[in-house]
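Next come the structures, one after another.
Across the two complexes that follow, subunit A remains constant while its partner is subunit B and subsequently subunit C.
Moving on, here comes the complex of A and B:
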């Protein structure tokens, strides 16, 4: 019995010591120097779990922007991100926790489905939200105070088809997509619709899902048999990396075309970058760009987090700067209520033009969708190079 | 006046009492609750119903089910579809919710019956694995199902959207995207009523002739069969009731969010509910209720731990399991309750 109690005591001590760690970790971010004179900016994202790459990137990007802006003087922000583990239920819980914290303006959620759930809450509570990366149409549909920093999924699909048709990159097109993923499906559906309109021939259309996303031989041989010379991959980079490797083993070398989820493939651990040679993708952000602002951001991000920022980080960064611009233009002060700010922000976002890392001259329409032009990139010698 | 109540009845009334008391207390304090807790009231009710219904299968029937979230999923999708389809027919939200709950429970019950036919012929580990597989099958079906409604009625299609809805039609279930744009009509009061109904159904089933037969099968399958009990019949009765209640819980849960996806109701959710049941004690309904409520709130209370949140959650879970199974503490608790009983008798 003594032993058992010793075990219990040990476990207690572990919990307490962890609690101490958690407390220390928290201190610098919450105890910001500005106090009550700051705008309370909150967002939810997957900081743990399978989609944590995206949540942490957006959070880190936003944090850099907040620190830069606070250092400038003028408008002050206090940023808090809560974990939603890419689950709508947890996202609503996280959102409510942020509300208790005193959030005035929201960064929505990082991923699409959770953002759909929190968007319904921000709409009901009249808190303005600008999501860095939740790209589904349903996120903004029917909500006047929900805006997006990223392209909407459908826009990516039709832009890709347009791009392929304009540059005559391929005549026979194969698509491999993930049929239990909103992102993949959204792009696939608009791509096929636009392709039909533009007279592109789709010769193979195959799917995979969670759980059978390691072997792509069936999909690839279907594409090969149909004689596809371009394969469109609307998916994130993990499955794409396997597709490249398996296609290379089969001796199948079509042109590859990806979307913004492909961004990050070059920094993926254990992936032979040579396999991605010649892959084309549409993405709003290029970490290797010569642009001054991008360079400074990439350097700062590397210094702090020891990795190359992806598009999500840039979106998070842009969101905070867009807020800064809008708040300044509206003459908003931190003592305004969330509802007052919501009205002002809707007015500003539908009328302003914003230049950021992910595009120049961005504008928003009343539906909340952003209009900016995607950049075509191609991977050459292990680096992204602008296509044009 | 002396009310002679046996031990079970007393315990059942205590359970009703605790639930009613919790509801009244929360209603009174509504103004001072944090938004975080307020937002969790409906999910807590849904998980409580899930825990009670799974306790019926695990604790009373004695069969391990690892696919209970599957029934929740069936209830969520069918119930919400019914509520959306009836949006213009039944304008009153509470009534629409009630219809949704009934539809969800009915479909989950049917699913439970169909699954029960092959599954309940198995025992122990085999049954656990087959229920696990059924949970995954249900998830895959809803991930590939498209349901729309237009003036010609409901349209169904599998794998891709071939519903070809007429003008003004609306796609309700969109395959992997699940259901979006749900009107949030679940309320805490509705959740409370559902918990009470669930308790009444389960307690009355357990205390009936059928309930005693079910427990006899749990305790000794062969002995029960030898005295002429129709084993599959009684097993089916418990299993279908359990499935139907889980379906109602699913509808309640789904109607609290603006969007719902099939992937939410995966193996992890089944295990989560099983944890509630094991922690609360198999066959102990009040334990399930407390465990479900506490373990739903706990991760949110731990948000101050930031990155260590899930680690602390796991450690707390281990601690709770250790303490509730600690012989010294248990005897202490039982001494406490004995004293109470003596006082009552005096």
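Moving on, here comes the complex of A and C:
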């Protein structure tokens, strides 16, 4: 019933979200004086709403990269993010606003469903797009100018199954996934396919959806009854935190294996880290890494935004640097049209190798999917520790 | 034994729906309007309690009382600013305003408290009662929630049946114009209804988050919708109906997940609702009102 009237209430949200943006608008990036020629870089993401944590992280990460690059001299960027509240329709509006602003190259959208919508637009308009984190297959499918910085969902699923089999982490596996979420379903589908290939036995396969994502007793007792010794959780960390709490109440303690959406669980305010003890996950970015570049990024992010950056922030940061590398290699100048840049970028991205925070030696194939190796992590004493 | 365990899970989920549904049904029964912002008042109550307990280290009970006070004031304020000017407007306008208020509260919460999920410290503790050598467990939260539901239900029934204010409320619900002619202050009565409904919302919010401890600005919206369904199921406007509807909805949801399919559980829940409404259009305990022409 509420949904029927939601569109009528939309006007209200729009006013509110605009007001929200107005309040938080940051000063224009330091390096780009109005006269200096800069590449106009735009992206959409959920800056308000339930998924705002991801949009703001990607935006903040990209902003840091832009400021650093502008301060170096040489290539200059001007960055603009528009709010899409994780809604495909609003993402297209936000994209159109960016086009009016004069966007030449795009950061796509932060989350999968909106990015599928804006990818169709960038494809039609011949604007090159590199999304930090929209990981569904449909984002890049059939579009020669749409590239991803993150793993594609299917790759995460098969990589996880491969990892579990290689390390013999479990023999009887249960999966709990969110069946109204393209991210969760994509990982689930490739995980089960790969598991069958590798001879991993899946003994329990249960789902939840928006609206019944609070009580997991049925899913957990199904896994427990089937004798699962490892539970795979392709989902974001918020439902996962409930699953851990309820399993601990039931006295069920299998091994837990998550995906990149699990990243962030330890920064949840009030979360009892003991519940996540021993949770394993594959993720391309680790804020606790000893790597120099990562340490500098984490310090800068903490200074500016007062929180530890997650993988989305690192993806946003990497996107801008990948653009810098590609634009320099192509000898591109800001007076080129979006269409010219699009051709150059396709050429560069399919041939270059990029080292960033989220992986060394990244390459892209013509479909737009990135190839990099995920790192296995385990949560020990409330911190991520590398598994290998 | 698994059956009993599922039954208990269903009851604990249902008791949460029931306690939210009580607030819905109370406001609907008297003001004859669907306050879709009820779920968001719940969320505000939970945040107030969260901050009181975890930031200012107040004892949990003080946190609950503070949350009730804030929500009561908030409820009256919303009524005064958003609904009162529309007293004479068609009910559709009020309904849409309520949805607007709902979004307004959600977005304000986003600005104030950000979208980062918070883990709510259970005000009841994480204890549980074990039976049959640990095969059956009932958490303290469930017991407290059910007790709270029953107490609130009895108190509301007594209040609307026996006090002056309660009688005034019932009079307003039957006929506002006639009530006014009899010397009842209709505005004050409706304001009081919202105050009580919102105070109950605070309790519901605290118990919801104690049972399922993640707190985000949209925490109240889905349980709010489910509770609304429960209120309709039990017969909207009927106070015992809300309790019955909530419990049944929770149990059906868990059984549908356990014995039919985790993918189809919501479809089953709403299919049952449709069947019930086809057979009994006023809901399980609702009164069929015949309009006099």
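Simple rule for what comes next: the second predicted complex is superposed on the first by the 354 of 388 C-alpha atoms of A that agree within 3 Å, B and C clash if a C-alpha of one lies under 4 Å from a C-alpha of the other, contacts with A are read in each partner's own complex, and residues count from 1 in each chain.
The rule is simple: a residue touches a chain if its C-beta (ideal position, glycine included) is under 8 Å from a C-beta of that chain, and two chains touch if they have at least 3 such contacts.
Remember, predicted model here, so these are calculated numbers, not experimental data.
Asks: Give one of first, second, both or neither to describe whether A:37 is in contact with subunit B, with subunit C, with both, or with none.
Replies: In the superposition, A:37 touches no partner, neither subunit B nor subunit C.
Asks: Once the shared chain is lined up, is A:212 touching subunit B (first), subunit C (second), both, or neither of them?
Replies: Only subunit C; A:212 stays clear of subunit B.
Asks: Between subunit B (first) and subunit C (second), which, if any, makes contact with A:268: first, second, both or neither?
Replies: Only subunit C; A:268 stays clear of subunit B.
Asks: Look at A:196 in the shared chain and tell me whether it touches subunit B only, subunit C only, both, or neither; answer first, second, both or neither.
Replies: Neither subunit B nor subunit C is touched by A:196.
Asks: Tell me the contact category for A:329 with respect to subunit B and subunit C: first, second, both or neither.
Replies: Touch partners of A:329: none, neither subunit B nor subunit C.
Asks: If you stack the two complexes on chain A, which partner ends up touching A:245: first (subunit B), second (subunit C), both, or neither?
Replies: The answer is second: A:245 touches subunit C but not subunit B.
Asks: Check the residue A:72 against both partner chains and state whether it touches subunit B (first), subunit C (second), both, or neither.
Replies: A:72 sits against neither subunit B nor subunit C.
Asks: Applying the touch criterion given at the start, work out whether A:221 contacts subunit B, subunit C, both or neither, answering first, second, both or neither.
Replies: Touch partner of A:221: subunit C, not subunit B.
Asks: Does the superposition put A:48 against subunit B (first), subunit C (second), both, or neither?
Replies: A:48 contacts both subunit B and subunit C.
Asks: Taking the contacts subunit A makes with subunit B in one complex and with subunit C in the other, which residues are shared?
Replies: Residues common to the subunit A contacts of subunit C and of subunit B are 1, 8, 12, 23, 48, 179, 209-210, listed in rising order.
Asks: So in the complex, the part of subunit C that touches subunit A is made up of which residues?
Replies: Checking each residue of subunit C against subunit A gives 2, 5-6, 9, 12-13, 36, 50, 54, 95-96, 99-100, 102-104, 107, 110-111, 114-121, 126, 128, 134, 137, 139, 211-214, 216-218, 221-223, 225-226, 228, 253-254, 257-258, 262-263, 265-266.
Asks: Along subunit B, where are the residues that touch subunit A in the complex?
Replies: Touching subunit A from subunit B are residues 34-36, 38-40, 43, 140, 143-144, 159, 175-178, 180-181, 184, 257-264, 299-300, 303-312, 315-316, 318-319, 322-323, 326-328.
Asks: Can you name the residues of subunit A that touch subunit C in the complex?
Replies: Subunit A reaches subunit C through residues 1-2, 5-6, 8-9, 12-13, 16-17, 20, 23, 48-53, 179, 206-215, 217-219, 221-222, 225, 237-238, 241-242, 245, 249-251, 267-272.
Asks: Which subunit A residues qualify as touching subunit B in the complex?
Replies: Touch list, subunit A to subunit B: 1, 4, 7-8, 11-12, 14-15, 18-19, 21-23, 25-26, 47-48, 82-83, 87-90, 92-97, 99-100, 113, 116-117, 119-121, 136, 138, 141-142, 179-182, 185, 209-210.
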